[in-house]
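For reference, the structures are reproduced in the following blocks.
Two complexes come next, and they have one chain in common, chain A, joined by chain B in the first and chain C in the second.
== the complex of A and B ==
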């Protein structure tokens, strides 16, 4: 079953309660946080409009970070993108390849939201969802979350004609469904993030397994052939040796005949 | 010099050449294992925390130092191996035609060979070319990683991986021929049996005898 977050940006008041709850709930050290609120304003004073970008992992189904991760520290589970920091080698490929620029390096390893895997696994809810005072956040079955997002958008259309659901199809379908009052670009969110390049999959799914297979086959073949070939060569050496001994010490009865 | 069986021994690799070989071999093996940690799941635990990545870089510096080390320790040897490895004569060309026999441990009807046989020349030149490829792609991954798009990152990694595949296959072949032709001593002590050399590198033995010496002095 796939789970997802609902993040209703028409309700987000930018209070940062989710940031705090995430940080304290996950016991993150000072330099780490999984959610960042970025304020966007446009227009010229006094005609200013603005909103908040609740920047956090989008949990892409087609997650480029998972595709490039060499150690499997990043992986998909229940429709969400998890991170096992113990397995992270700190190569930083995920930092570079995320279309949303979410993962960062912290203490030599990747750092990003893992949808409160341990808390949810123990029957709880993600910390950000538990604490949101504006009902902007929800967590549950992705189909239900998506349906609710669509309902909320319908209700918003009167006031925000450009209101829309974001995340149904982006990056293969996100595990973070956004309700946006305006176009995603107004909050610096790419309308259509680039898909995982084919060459990334080719690298991990074709080149590497084939290389491993070819090496193992070659080593095994060389092992078998090596035993045969060495036997041949030894026979050849004995022949030469015999000839030499026969030449040098002709008639020597001690010469061992092979 | 003779061994315990009374077989005559000749010096094939000077001690400084063997040092260069040891540096190259050990750094290559470290690079192979620490690299595999990012390729093969069961070895991924080596990469956790990133220490294998640091070891990879340290070994990379050792690997990259090999040509310079060779030039410093044994200038003439380095020049010799470079010069010989890319030069093939008529015997070398016909050696390739009968290569399968050599791979089966049969030297009897092989065309006469010089200090390096045609296969060793090809091995050397391939090692030089693919080492250059792996060093350049490795330096890009090391220093320019932050400037690469996911596509360019994957392409660079593919080039790096495939160059290592070729070098690893060359290593398999290298170990194979070392085993078949009991050549370990050439890198362990530097000396090899003269009988063996007469079978496998007859032109070189002639050359040595022509020079009136049993081999270059250590």
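== the complex of A and C ==
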């Protein structure tokens, strides 16, 4: 069965309770966080619209991070993208390749939301979901979550004509289904994230059976580096863009080291 | 976001290839097989028996009911108590950081007595016995020389009851004060009492379940992360309620608004008068409600004629059209349309009149006691602990006063002296005004205040004109600081009592006036860390040493609490077993009062007073008028301050998990203004007010989200306390940039938004 989160951005008010609940529930150390609230604003005073990007793992079905991870630290389970930090070699490919810029390095290993594998595995509910005062978050069967997201969007159309579901199809279908009041770009979320090239899957095969020829290895490796290069380019563009854009919240102090 | 250079990546690619090989060598291939070996770790709640204790959160004064989870003697996590009407199982980010607050390594760990000069912060650690004996000796000397009034007691947050209320009243000082009164709520609650006959009380009693239009004036829901309010606001809005937000800043709440009115700061009363004008002149108010429940409509109608939307447009920077439209949005939904009273309302010194205008408008909308308007709060029934009559009653009042309780009588000390804060002289009514007690400490006028006990108030980061406060601290004979952390003012104390946090102590029961009144309990999850002590024990130990034994008859706090709970047929044990909360029935709606033949409005007339004779008699305006506020000088911006969702006042900046996520504040300035000054987001600047006071450095946040005539920052940063390793020197302090305030002649509130700053280069 596939699980998913519902994140309703018409409800989220950017209070960061989820951020702290995740840190305290998962006993995360200083400098590690799995959710970030990033403020976005469009227009000029006083004709403004704006909201928060609630930046967290999207749990892509076709997860590029899983595809590039050479150790299997990142893997798919129940529709979610898990991360076993103990198995992480610290290569940073996931950081480089994620189309949503989610994983970051912390203490030399990858770090991102693993959908509360330990907590949920022992019968709990994801920490972020249980605490959210705006009830913007929900967790459950992906089909039901998707259906509810669609219902919510219908109800939102009066207030938000551009309301939409995000995540039904992106990256093979996300495990984080967003209800968005406006186009995803207004929150700096790519409408259509670049898919994982087929060559990456081949490359994964390469790392395992070393019997494969060096030529194939090189070709596949080049594919991965291609993605990484493209992601670096995107990051650079974004940085330029960020500098142009005003305003980050206090919670968005960009402190993580890579 | 700093990213790995491609060069490094290439090198790591090769290294990882090797690592992959090595892994394969152990027989663990990628995929799920290795997961089964060591992933995931069992969660903390599977590592031992989970013991749940019930408590109310102390990370802000809102007091959400919490369930504290302890495993193997370690507090692991705090959850919202799902039975509690405030938290309903959810918590804000600060509440989630309660464990981190307790585990802050910078905590005060032992009682201390000063060795160096006051302010130097030099102390020697002493035993509790010595600290308590010494303190008792000092305050008794003050009492003998000057009388009990000469001891002032300041307190804030949930344990303050023992000092500011219980000890102060038993001891006999009317000079006990809370910042939550005159630095926050007083104008609101005095205006409400004058107009409606009851204060707003802790909860703004919006009838969220059925409300159709919510108007916020300077209420920053979302940035002000009071848990319950965020829940209710989002739920009613999602249900379809219209949201009108009046704010010079495009706040998180404004971003959720259907109508945002980016008002010029200081002109809210003009907007409110114009809204009243529209409702009356267009006959869009609830006339039958007013006829039955209010007096003064004729006077109001005459008064309001000239205050047209066109008049207000020129003052507020809003269009007459906007003002009319929003008034109609409200009136189309009355009585399911209410203006939220808000909390921090000490802005410009005319704040009670502004709040009067809010309550008049709400009355015209017919909201009080109506479904979907505002319900009537009721306090839970619970007997007090039996004690001899207090030497002075209602010494601090304010937020500890229950709705319906009159604050008209000035409490007098046993020697017949009234409060030293100038009440009845420089302002009309209301609880003791903390900032007005500072001058008497310096001037001995109207009499000498020689001692000060400070419980949990961050003195130098809450009272405006901190330089004046320091002068007062120098002049006092004795200063006691009770705190969890070595806050800035603690360096100025003679004696320091380190307190056990809310997770390590029993405490007074919390009685919450609400639609369904309820009682919350606090029981310790763990024993006090270090050599700390709960506040109730300090107050009692002091009481026993200064001859107040009769008030502290109980041997243990459990006994005290059990006796109180007996009056509602409960006990500590029963209350714990029932899930930590006792919920009673309220009387929220008007029809219930009508059925009982009572009026809910406890004014002289028994009705809502649109025009207040008491104000006219005192030479004040019986109906609010708009008074212009001072404009910033050229090159200066009005300093606005507010909240950050992860911090409470100046209390949580050193809490490790909160400091990690939100280490300092930012200076919101209009992007065009910043560009003209040559600043971009992230630049560090200092701020200087028109008095030459400085604070900083603070990072610029150049944004379109704010008007050009004001700057904004979250309150509570910019502390200078060496013992706070995380908070010290981080960000800028709004308080340190307040070289003046304007006294509200009605409530004694300190209007603080009349300070102006400019951006300057570093010190």
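By definition in this document, the second predicted complex is superposed on the first by the 206 of 258 C-alpha atoms of A that agree within 3 Å, B and C clash if a C-alpha of one lies under 4 Å from a C-alpha of the other, contacts with A are read in each partner's own complex, and residues count from 1 in each chain.
Operating definition for what follows: contacts are C-beta pairs under 8 Å (C-beta built on N, C-alpha and C of every residue); 3 or more make two chains touch, one makes a residue touch a chain.
Everything quoted here is computed from the prediction, not taken from an experiment.
K.L.:
Per the contact definition in the header, classify A:92: touching chain B only (first), chain C only (second), both, or neither.
P.N.:
both
K.L.:
A:48 in the overlay: touching chain B, chain C, both, or neither? Say first, second, both or neither.
P.N.:
After superposing on A, A:48 lies in contact with chain C but is clear of chain B.
K.L.:
Counting only touches as set out at the top, which of chain B and chain C does A:64 meet: first, second, both, neither?
P.N.:
The first partner, chain B, only.
K.L.:
Touching A:1 in the superposition: chain B (first), chain C (second), both, neither?
P.N.:
In the superposition, A:1 touches no partner, neither chain B nor chain C.
K.L.:
When both complexes are superposed, which of chain B and chain C contacts more residues belonging to chain A?
P.N.:
Touched residues of chain A are more numerous for C.
K.L.:
Mind working out whether A:72 is in touch with chain B, chain C, both or neither, as first, second, both or neither?
P.N.:
Both partners, chain B and chain C.
K.L.:
Where does A:109 make contact in the superposed view: on chain B (first), on chain C (second), on both, or on neither?
P.N.:
first
K.L.:
Of the residues on chain A, which ones does chain B touch that chain C also touches?
P.N.:
In chain A, residues 70-72, 86-87, 89-93, 96, 207-208, 225, 228-229, 232 are touched by chain B and also by chain C.
K.L.:
Touching residues of chain A toward chain B in the complex: what are they?
P.N.:
64, 68, 70-73, 86-93, 96-97, 108-109, 196-197, 199-200, 202-203, 207-208, 211-212, 214-215, 218-219, 222, 225-226, 228-234, 236-237, 240-241, 244
K.L.:
Which chain B residues qualify as touching chain A in the complex?
P.N.:
Within the complex, chain B touches chain A at residues 37-41, 44-45, 47-50, 52-53, 103-108, 145-146, 148-151, 153-155, 157-158, 161-162, 164-165, 168-169, 172-173, 175-176, 179-182, 195-196, 199.
K.L.:
Please name which positions on chain C make contact with chain A in the complex.
P.N.:
Its residues touching chain A are 1-4, 6, 9-10, 12-13, 15-17, 19-21, 23-24, 28-35, 38-46, 76-80, 89-97, 99-100, 221-223, 225, 227-228, 230-231, 233-235, 238, 250, 252-253, 255-256, 258, 260, 262, 644-646, 656-658, 660-666, 668, 670-671, 674, 680-681, 701-708, 714.
K.L.:
Which of the residues in chain A end up touching chain C in this complex?
P.N.:
Going by the criterion above, the answer is residues 10-11, 13-17, 19-21, 23-25, 27, 30-31, 33, 41, 43-46, 48-52, 69-72, 75, 77, 82, 84, 86-87, 89-93, 95-96, 101, 104-105, 114, 117-119, 121-122, 124, 130-136, 159, 204, 207-208, 210, 221, 224-225, 228-229, 232, 235, 238-239, 243, 246-248, 250-251, 253-258.
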